[in-house]
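Order of writing sets the chain letters: A, B, C and D. Residues in each chain are counted from 1.
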Amino acid sequence: MKPFVHEIRVRWADCDPAKIVYTGNIPMFALEAIEAWWEAHLGADWYRMNIDRDIGTPFVHLSVDFRSPVTPRHLLECSVAPLRIGESSIRFRVIGRQDGTVCFEGEFVEVFVAAQAHQKIPVPAEFRDSLEALVTAAQQGS
Amino acid sequence: MKPFVHEIRVRWADCDPAKIVYTGNIPMFALEAIEAWWEAHLGADWYRMNIDRDIGTPFVHLSVDFRSPVTPRHLLECSVAPLRIGESSIRFRVIGRQDGTVCFEGEFVEVFVAAQAHQKIPVPAEFRDSLEALVTAAQQGS
Amino acid sequence: MKPFVHEIRVRWADCDPAKIVYTGNIPMFALEAIEAWWEAHLGADWYRMNIDRDIGTPFVHLSVDFRSPVTPRHLLECSVAPLRIGESSIRFRVIGRQDGTVCFEGEFVEVFVAAQAHQKIPVPAEFRDSLEALVTAAQQGS
Amino acid sequence: MKPFVHEIRVRWADCDPAKIVYTGNIPMFALEAIEAWWEAHLGADWYRMNIDRDIGTPFVHLSVDFRSPVTPRHLLECSVAPLRIGESSIRFRVIGRQDGTVCFEGEFVEVFVAAQAHQKIPVPAEFRDSLEALVTAAQQGS
């Protein structure tokens, strides 16, 4: 299986006076890529999941290594792969590339919560089978 | 020595529909706190360091664990401590608290570069003694 | 009466490769100043007003003239004055200055709504007298 | 001529606790649409124009009327039309629609500057003919 890739058009607004994307915007890009992954694979963006289904997915961890600057000169291709499903969590790896160069890579962990109650819940039954299949497929693809 | 604490007034604009600060804004807050630390201890904000002295300090790593939601109901108190000085890098720990509760904690690594050339450089002589003293003081204070 | 002034520490993160604050961040600063005005004069930030009292104040208009670039070299002093109270709206003028120079000026109109229902409502009785007095005071001060 | 339309996928991150896009993000969306217009019609994004050609295009004015909330439930279609070319300026109208409803409309004025010198310049010769033709076409199309 080919990894899921979310493309971002980096812009002037994203850059700082060093003429590269500001550090703080990189986690934002990776989160956008993860949300695009949700939408592509589960048909669920965070807004609808939260508001229409009362399923929240707050992050409990993120880490990013910055390898090379990101600029508007090339598309930013963010590959997203689910690494592991826990009792009530999911861990992703995101790798951002421009023109074939790895710019950053990171890991991101979300937990499932009842959105209104803000209480941790198990991975919802409606998602578990799909998520486990996606993790398996990602492992075989890597 | 008391740890350096940078206070942030969290706002409506920082929050998402879950009524808490959006995940992607938390690294932004931590970076703001680190820049405030620079300004308070070395008299140098990133803008002046970069543009007036040609010293850049891009980040090569950040990791954050999210412990409890951040909201506008309390001040966000970000304590910043330098953990370690390397040949050309500095590592910080940032802990964000609201009303006595730890909301997030993370580590952040900057490297020094010649800003225009974007080439890694050793920790500038003008900063090294001060930075080492600050690391020692932070270790004794913790 | 002296005008209300909200101070903002402009940062590296706010600037674009032209080494000045990115255009799109200026309305953000003005909105922050207006929210600070609310908090200082009515004891109500937008988060608490919305969530605790079900009073929303969405904007229906904003206009900004940019006079001079904003940079991190000086504090940004945003003066905020209420210009006019309508049946269900309030209009503000915001002027941003750095080191005595006007950097931008703009007008911003909010309407009151029942937050959950998203229905326009008259200016809430609990605010009307105070708001009218503040408009009068601002007119006499200018 | 059909108006130029730039599509934006609105996200969870763009929304505030009122479950709609935060006011301050709307000018950001409109600016993104204007930059996309530049790129589509003149082959020039703001980063390359500024850094590679020393042509800056800072904004001197923007105004926005907010007609209807923007949410992640629909694509945001931003139509961009150049209204008028001055001696050294260009004025745009941007209209944002979701699912056929006008959500906001605004006007935005950029001036041309020598980027490094930050000095106003006439509309560059390399752009003037194209820009005038685009204004004429937009007028005939509207």
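In this section, contacts are C-beta pairs under 8 Å (C-beta built on N, C-alpha and C of every residue); 3 or more make two chains touch, one makes a residue touch a chain.
What you see is a predicted model, and the numbers here were worked out from it, not measured in a lab.
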A-C or C-D, whichever has more C-beta pairs in contact: C-D
Cα superposition of chain A on its sequence copy chain B - rotation in ° rounded to nearest 5: 180
Between chain C and chain D, centroid-to-centroid distance (C-alpha), Å: 24
Centre-of-Cα separation between chain C and chain B, whole angstrom: 29
Where chain A and chain C are represented by their mean Cα positions, the distance between them in whole Å: 34
Multi-chain contact residues (two or more partners), chain A: 12-13, 15, 17-19, 24, 28, 31, 47, 50-51
Complex contact set, residues of chain C against chain D: 17-18, 20, 23-24, 27-28, 31, 47, 50-51, 56, 58-66, 69, 115, 118
For the chain C and chain B complex, residues of the former touching the latter: 11-13, 15, 19, 28, 31-32, 35, 45-48, 50-51, 71-73
Chain C-touching residues of chain A, taken from the complex the two chains share: 12-13, 15-19, 22, 24
